[in-house]
Amino acid sequence: MSLFLRQSLTIAGKDLRAEWRTKEALNASLAFSMVILVLFSFALDPNPEMMQEFSGGLLWLVFLFAGALVLNRSFAREMQNDCLDALLASPVPPAALFIGKALANYALLMTLELVCLAEFGILFNVRWLANVGPLMIVMAVGTWALTVVGTLFSALTVNLRLREVMLPVLVYPMMVPPMMAAMILTTDLLAGTALGPGNMLWIRVLVGFDLVFTLLGVSFVDTVLVG
Amino acid sequence: MSLFLRQSLTIAGKDLRAEWRTKEALNASLAFSMVILVLFSFALDPNPEMMQEFSGGLLWLVFLFAGALVLNRSFAREMQNDCLDALLASPVPPAALFIGKALANYALLMTLELVCLAEFGILFNVRWLANVGPLMIVMAVGTWALTVVGTLFSALTVNLRLREVMLPVLVYPMMVPPMMAAMILTTDLLAGTALGPGNMLWIRVLVGFDLVFTLLGVSFVDTVLVG
Amino acid sequence: MRNRIMLLLTVAFAALLAWNLKNILLGLPDEARQDAVYRILYFHAPAAMVGLTGFGVGMVFSGIYLATKNLYWDTLAASTTEVSLMFAAINLVTGSIWGRQQWGVWWAWDARLTSMLVCWLIFAGYLMLRRAIDEPDTRARLSAVVSLFGTVNAWFVYKVIEWFPRLQHPGPVLSFRTGGKIDRALETPFYWNVLALCLLAVVLVMIRMRQESLTREIDSLRRLAHA
Amino acid sequence: MNALEIDGVWKYFGDFPALRDIGFKVTAGSVVALLGRNGAGKTTLLRILAGLAKPSKGSVRIYGSEVREEPTRRRIGVLGHGISLYDELTATENLVLFGRLYGIDDPAKRAHQWLERTGLDRVRDGLVREFSRGMRQRLAVARTFIHDPELLLFDEPFTSLDDRAIAVLQSLVIEAQQRGCTIVMSTHQLREAIELSTHVALIRKGQLAYSGERRQEMLDDPGWLYRTFEEEGPS
Amino acid sequence: MNALEIDGVWKYFGDFPALRDIGFKVTAGSVVALLGRNGAGKTTLLRILAGLAKPSKGSVRIYGSEVREEPTRRRIGVLGHGISLYDELTATENLVLFGRLYGIDDPAKRAHQWLERTGLDRVRDGLVREFSRGMRQRLAVARTFIHDPELLLFDEPFTSLDDRAIAVLQSLVIEAQQRGCTIVMSTHQLREAIELSTHVALIRKGQLAYSGERRQEMLDDPGWLYRTFEEEGPS
């Protein structure tokens, strides 16, 4: 187990270091998130009261759209020089590879989301600092859902001609349950409602989803990558 | 000029034929548009009155997001076996290549948008048949704006590692003026207002944008592709 | 032998359907509130049942494929999922028609409706993925994983959306769920029609199976010729 | 007459000079083996000759006129690393497409002729995606030849091909030369290249190290050229 | 002891049998040239040996154990078409990364040793992206060797390399063999391959057409093998 973890961390470290060197995926997805926030604001022309109602939804939409770009890069990065082959030929089990890539994606997505949140707060005048603790928890749990499903499907679609299209087409519908939960919770939190028995249900959905799909991901990544 | 047109049509025909054979880009972007419509409905929780206000904005957002997938494929298709090199080495001027690809993209985007419009009408209960003539004109003119900018940037980003990210990051901000015009016009039309002196301004914006950027595209595609 | 079974099933289906139609259209009284339209229920709900069950069955076949690596099971899984998708589409379309009649709109973002749509999209993604992969083994392996993830997800979608705050769609009416809310005379033909649609599903799956194996044979012959 | 006149061509990638003052002439009808180590600049030069990139300095004239002019491009045939064929189209469709783009008369007939000549007649309606590597390469050759080019530019045409595919390609090259075509061809397979060629050009770190007729020494010992014109040292 | 035991291996892509009942043994310490025409199945076989794909039928045993078992994979070194290096990392970082993944002691030291041995010491902190093709290939070799593999699997290692790079690679192969490594190597460059090898395996349309020791005939005339074991016919 300790070896497994060390291998995962090595993989994650490698991804983060490569990304850190160029910052391209992160910069691009940040720019992208900014662009879609602006587009949303044009499209919806939101007045402050409405904003209250939408905030959670819009925020997670931005996370989803910008996140897909990060996830897309994740395994695509391994294709450049056939690096994936070398990783699979090494004694690292595919599950460790999966967890490693998921951890790196998680770090990137969380960074992305925090910046988005700040942008969002400023552009749409949403006060998110009030409930920041619970908000972070919701973001952390919701983002893991996106990460784990996204990473597996990134591995699954990496050899397709239409990779950049197939990933969102497969992942977004699957993200409906956790996204709904996250959207509802976030809207509540931004409106000042605390986490409590009233929305415990949604927390449970998120945690349950995370657990089930992490398990599925770890068990099936071998099938996806090697056969 | 006739030769130029014939060459453009040959290129467009080739693209459409290849797409027709697999229908992958079209299918995928249709599925994607459906998926984002569902996501929007979750995020915005729209009640009928609100919908009236947003419809144009949402519709064009969907066109933009799903359209990016089609545009991304456009020059990416030429990279598979270094086909672009063969086209550039042939006596076809880059401008004809550009117009040919733009025409193919235009056909694909219009098809996509018409299906999206139907979906949108059904799912969000928007009656678009009332003003269908002017609506088609706005769509035709607005889509050409997206096509011409998108095709040029598809050529520009095709060699980048981060192609699928860079295209929207570059194109979406550029699309703000025509999209704003198209969104406002579409919302008006869907609300039953006819085209008239009141919104002539926006029509002019669209047509002006189309003309200027078609001209720019035709003049600079040579620089983009050959240097 | 296989043909004989298929013929037999087809005849059984046709006879049963005719008998059901006679009962439903002529034997049952019009409903007080809805006139004759309520009869759409006899196709609407069974289609959903057959479709959703079919997705589950498809997952089982996919699991068997992964265990045995015998392409027969993959073909079976694909055919089943495809036919189920068609039944889900029947449910959506009949529901929309019914909704237009009852609610005045084609679509409402009601929990039940949305969950069906999301399930449909998930498995539409499955079929699209199959189209995007040429090599039969890879296609079988990856789509089996998508089927597994999709079905688990569909279950989540179903559970989670039930808690979604907006409900417009009628709740369960069948007596085995509610302990007798619906008149016995109205209910019996319902079950017979479920059986009829099941028969149809089996016949369709068999037809698809044969087409698929023919396609595969042609494909491999062509590949041998081109090798 | 000179098929190709390269005069003082420089190519910078940023500050890095990939080509430095390359200049030589190729008489019509000759076969030039363009040799050089990895990164010498062969591909860069061939892309400039094909009009796919512009030189930073210097000029290239093909049969006396500019590369990017349309009539000139009609006289060039290019076959690079990739095969430049559309996977989703059939063999015939690919050839007809390029025939149209080159504006030849009756592209369907020409396509048919070339399919026969490259032995692909049997699979002319098969999608390129389903072709084996050898078949693709042969179709790529047919595409290159469809408009009867006078100057052929090949970049590593033999890479990853087996002996038989190489033999087919070689015979096509010889045939083209007999029809009067001029051929410039880069490769690392010295033996095959030198056997085919009438002239040799050697690029060393972006500079022309040798250009001239093929000599007997090269035929006898393909390594001779490198030993003579490249000093050894850490790369 | 046998380094490699391939027994009745079939591989289907759908209904198409890319490998048909391949079976041979490789004794430890030998160098096997895996030959065959385009599409014969060399890459497919090597991927199965490396554990990157699973055979449809049959078994592969490496030093007596399963390929996908961790201890076995520690004994294999793979170098495929691509170079399997990260462009955004430096040479040292790449080697240290793979050293870690293979769980070797003091990966930094080993990386340093191998950079020296492949002559890349000078550029050890340069990003791979900036390397020339020859340098990349040498670094790829260092990556393959970093965990002291006993069985080396090479797929077309000489493709697109110049004479000097090929010589470096050849000397590394010879050195590895002297250390007792077993090597299986596919290539179309018959002459280079046969000169290096002790054994030859020839695949013809997915079937083993010949396997055994290298013979004098092959050395004298690299074409001999194909002429003897492949009947000609339209491909």
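To keep things simple, chains are lettered A, B, C, D and E as they appear, and every chain counts its residues starting from 1.
Please note the rule applied: contacts are C-beta pairs under 8 Å (C-beta built on N, C-alpha and C of every residue); 3 or more make two chains touch, one makes a residue touch a chain.
Small disclaimer: the values here were computed from a predicted structure and weren't measured.
A.B. asks: Which chains does chain C share as contact partners with chain D?
C.D. replies: Looking at chain D and chain C together, the chains touching each of them are B, E.
A.B. asks: Give me the set of chains touching chain B intersected with the set touching chain D.
C.D. replies: Common neighbours, chain B/chain D: C.
A.B. asks: From chain A, what is the lowest number of touch steps before chain D is reached?
C.D. replies: Minimum step count, chain A to chain D: 2.
A.B. asks: Between C-E and A-C, flag the pair that has more C-beta pairs in contact.
C.D. replies: Between the two chain pairs, A-C has more contacting C-beta pairs.
A.B. asks: Among the chains, which has its CA centre at the largest distance from chain D's?
C.D. replies: Here the answer is chain C, farthest from chain D.
A.B. asks: Centre to centre, by mean C-alpha position, how many angstrom separate chain B and chain E?
C.D. replies: That pair's centroid distance is 48 Å.
A.B. asks: Quick one: report the Å distance separating chain A from chain C, using the average Cα coordinate of each chain.
C.D. replies: That gives a centre separation of 32 Å.
A.B. asks: From the C-alpha centre of chain B to that of chain C, how far is it in Å?
C.D. replies: 35
A.B. asks: Taking each chain's centre as the mean position of its Cα atoms, how many Å separate chain A from chain E?
C.D. replies: Once rounded, the distance between the two centres reads 38 Å.
A.B. asks: Got the chain D residues that touch at least 2 other chains?
C.D. replies: 132, 135
A.B. asks: Multi-chain contacts only, two chains or more: what residues does chain B have there?
C.D. replies: 22, 24, 28, 31, 35, 38, 42, 45, 80
A.B. asks: Of all the residues in chain C, which ones touch at least 2 other chains?
C.D. replies: In chain C, the residues touching two or more other chains are 118, 121, 125, 128, 132, 137, 223, 227.
A.B. asks: Sort out which chains touch which and give me every pair.
C.D. replies: A-B, A-C, A-E, B-C, B-D, C-D, C-E, D-E
A.B. asks: Give the list of chain A residues in touch with chain B in this complex.
C.D. replies: By the definition above, chain A touches chain B via 24-25, 28-29, 31-32, 35-36, 38-40, 42-45, 50, 53-54, 56-58, 60-61, 64-65, 69, 72-73, 80, 161-166, 168-169, 172-173, 176, 179-180, 183.
A.B. asks: Touching residues of chain B toward chain D in the complex: what are they?
C.D. replies: Those in contact with chain D are residues 3, 6-7, 10-11, 14, 17-18, 21-22, 77, 80-83, 85-93, 226-227.
A.B. asks: Considering the complex alone, what residue numbers of chain E touch chain A?
C.D. replies: Touching chain A: residues 50-54, 68, 70-71, 73-74, 76, 78, 80-89, 93, 97-98, 100-103, 127, 143 of chain E.
A.B. asks: Where on chain B is chain C touching in the complex?
C.D. replies: 22, 24, 27-28, 31, 34-35, 38, 41-42, 45-46, 121-125
A.B. asks: Sort out for me which residues of chain C touch chain B in the complex.
C.D. replies: Against chain B, chain C makes touches at 96, 105-107, 109, 114, 117-118, 121, 124-125, 128, 131-132.
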